[in-house]
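Below you'll find the structures, each written out as structure tokens.
Two complexes follow with chain A in common, the first pairing it with chain B and the second with chain C.
Our next item is the complex of A and B:
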């Protein structure tokens, strides 16, 4: 393997939690609302892809516990198909990192630094991420451990402070057209839930592998709970307006007015968001870089971190012409793509592996 | 080089080595009025009276010839007598202030432990004062310092390894640890790193500190330095290793973590509730000392909406006259403040107070009324200043003072986002840092549950060492 560092299963869980929730809180409610209407808050419960992704990642890891996915896919499917898979995979992860980065950039530019060039906003974060990724999986893991309490505290603080303004009538009537709208609304969320299969890439570094299963399921539950809470609060505050905003949760933070002193806490929200986006991009970028390095047959991934960082910054800009285009892509074409790469392809690999009787010994 | 049988050869060699050293005394005597012998010592480093009475007199007045080594040794009433047989050992002993006796016909020399030189009395260390707790501090004598530790921990498990470092200064160094508490691997690592040092002179612990650190480019201290025996002793029983150098009251403790540098001995001497509260106050102001001016710059430049309206109006009014941007203002004031502080620390006490008065007037009242800086800015700088004085150890305060400036710049360029990115960048560095293999940010990252009891709280003593 290309990485010598080790993480604990708790760190794995925290990394994955932070690699999924921040963007989901931010963009998902706006998109989901257009399908689910007032049943928006139910959508995170239909976490079908998560139910598939977690066992899939664990199962794939069990086939070759100490091999990275690049090595494992080569052993499972043979040299050429493995090579194709690994190549497609890191390109896909680069693309995903680009989308996440752009989401972050659009958010920062749109909400706070309206006159700063996008390139500066993207570049500065990518630079910091590159430093962290160069530090290895251990550093990213420790970051996740350090940031998770801060992230949760700030998130809960915002939820807590907004309680006086919530209107329970916004969620009425419950399930007027059955469960179908909330199911449709959860379609876009499947991107985030399928991201759980990124665990496959991190599992080989986990030192206490026996606890990884428990940790992943707890993480999965935590993600559902967080999304449930954030969707619910957003809905109760904004009601029918939810769909009209790109970042509904930001409006929440803006809305807070406590004793006329705690007002305009969106900076607080930005703090959460940057912390979250940082860990998220670190995890995705880490998978991209190590995947690319292994695919190219390098012995060390560190030399390509900065070149890849430059590429990532450019991807962040190339991904879409503007924010609307990207949101549209997320709501439409990204869903099948993500499901294919996060779920379908790993599932096929797993099936091949099992049919060949691998991972029994 | 071995010593010769003949006194004349040895003396000739010694005189050649100590040519032009007028402080080295060669005192000739005849044992029992017969056998020639030579006492060599350095003036001012020995107990002259004792030497006269206990060594010279009995040897001179004793019975006649035929002195064997044992014979000479038993004639003198000195508790510590050693024999050395090589010239290099002999030179080290003389340099340590031990009188040595060379006797004709003997291939070894006798070393009398009668060294004594002027030293400062034990005082309270000014940089680490406490309201409650012992008031003694280490001094410049290695022997006294070790004794001070031994007086605190009387167990034979307290091990002291001494050796010399520095090809020229030949400075005695002591590595001290508790057997059973300190990991043997740690002690080995400390010793091997010390042995790898290629240095001519060791005049202070800082000389070796830079050699044995894990990361030589980090602004953060990776070893804890203290002048307090009680601090050193508390780290020893926790399994750390203490490194002492002759000639300096500052000792090093390895490994050090970020949070150990933010603790004071008083956290443990006060009641635990108070200790915990004060510790959190310190963490908070530590963050302020890093981020205070940056947050102000970011909010004033980019996030005015965060300030309540009435306060915003007051601030806008005071900033109306100011020709500089908030960033420029902050740079100006912070640089001025650092300069004042440095000037105050270096000047003699009498002038120092004058500097602080003038400085307070210049960067405070006058600057505001002249319309160069705004009043809120002065407040922010003052609060930051106070916060930075709360850093319990000077060594951890310095990197923070230094890093304040780049973060201020980021805040001026990108607002809160810049501040957050800057903090992340610093954290990346801190998370990668290790001190003798121990992660610098432990026990917070990676999390070690029982260690958190002594970081997030100051757990009561009856609960502190329970590892469950």
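Our next item is the complex of A and C:
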């Protein structure tokens, strides 16, 4: 393996939690609403892809416990298919990192730093992430452990302070057309739930592997709860307007006005978002860089971190001409892509591995 | 050992050159078709289906 560092299963859970929730809180409610309407609050419960992704990542890791996915796929499917998979995989992760980066950039430029060029906002975050990724998986894991309490506290604080303004009538009528609209609304959420299979890339570095299963399921539950809560409060505050905002949760934070003392809390949300996006991009960028380095047969991934950071910044700009185009891509073509690369391809690899009788000692 | 080190240098150089080339291309033509268009073409039928069901429900997306 290319990485010598070790993380604990608790750090794994924290990394994955922060690698999924930040963008899900930010953009998902607005997109989901267009499918699910007032049943938006129910959508995160249909986490079908998460239920598949967690056992899949654990199962794939059980086939070759101490091999990175690049090595494992080569052993499972053979030299050339493994090479094709590993190549497609790091390009896919580069693309995903680019999308996440652009979401971060559009949010920061659109909501706060309206005079700053997008390139500067993207470039500065990528630079910080590149330093963290150069430090290795341990550093990224510790950042996740450090930021998770702050992330959760600020998130719950916003939810708590908005309670007086919530109107329960916004979720009425409950399920007027059955569960189908909420299922459709969960379609876009499957991108985030399928991201749980990123655990496969981190599991080889976990030192207490026996606790990893518990930690991943707790993380999965935590993600569902967070999304239920964020979708629910967004819907109860904004109602039919939810779909009209690019970042509904930001409007929520702006809306808070408690005794004319607690106001302008969007700064809190900005803090949540920057911390979360930092860890999220670090995790995805780390998987990209190590995947690419192993695919190229390098002994160390550090020399390509900064060249890859340059590519990632450019991808962040290349991905879409504007915010609307990117949201449209997330709501349409990214869904089948994510399901293919996060779920379908690993599932095929797992099936081949099992049929060949691998992973039994 | 020497050969290994040079392999990493080559990889870094190739990636940097790719980055510079992409940056130059994007400067000349910011609307250069990118990965999003590629993915869109690859999954065209599924994308149309998803657009279809979202249009029926909300119609804000396209």
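What we mean here is this: the second predicted complex is superposed on the first by the 361 of 361 C-alpha atoms of A that agree within 3 Å, B and C clash if a C-alpha of one lies under 4 Å from a C-alpha of the other, contacts with A are read in each partner's own complex, and residues count from 1 in each chain.
Note that a contact is a pair of C-beta atoms (placed from the backbone, for glycine too) under 8 Å apart; a residue touches a chain by one contact, two chains touch by 3 or more.
Since this is a predicted model, take the numbers as computed values, not measurements.
Undergrad: By residue count, is chain A touched more by chain B or by chain C?
TA: So, of the two partners, C touches more residues of chain A.
Undergrad: Counting only touches as set out at the top, which of chain B and chain C does A:8 meet: first, second, both, neither?
TA: The first partner, chain B, only.
Undergrad: For A:336, select first, second, both or neither according to whether it touches chain B, chain C, the two together, or no partner.
TA: A:336 sits against chain C, while chain B stays out of touch.
Undergrad: Figure out whether A:207 sits in contact with chain B (first) or chain C (second), or with both, or with neither.
TA: Neither partner.
Undergrad: Considering only the touch criterion stated at the top, classify A:169 as touching first (chain B), second (chain C), both, or neither.
TA: neither
Undergrad: Between chain B and chain C, whom does A:298 touch in the aligned arrangement: first, second, both, or neither?
TA: After superposing on A, A:298 lies in contact with chain C but is clear of chain B.
Undergrad: Which chain A residues are contacted by chain C in one complex and by chain B in the other?
TA: The overlap between the chain B and chain C interfaces on chain A is empty, containing no residue.
Undergrad: Which of the residues in chain C come into contact with chain A in the complex?
TA: 4, 7-9, 11-13, 15-16, 18-20, 22-23, 26, 30-32, 34-36, 39-40, 42-43, 46-47, 50-51, 53-54, 57-62
Undergrad: Which residues of chain A touch chain B in their complex?
TA: So the residues of chain A in touch with chain B come to 8, 10-11, 108, 112-113, 116, 120-121, 124-125, 128, 131-132, 135, 139, 141-143, 145-146, 260-261, 263-265, 267, 270-271, 274-275, 278.
Undergrad: Which chain B residues qualify as touching chain A in the complex?
TA: 299, 302-303, 305-306, 308, 414-418, 420-421, 424-425, 427-428, 431-432, 439, 441, 444-447
Undergrad: In the complex, go through chain A and note every residue touching chain C.
TA: It is residues 31, 33-37, 95, 98, 181, 184, 187, 243-244, 293, 296-300, 303-304, 306-308, 310-311, 314-315, 317-321, 325-329, 331-337 of chain A that touch chain C.
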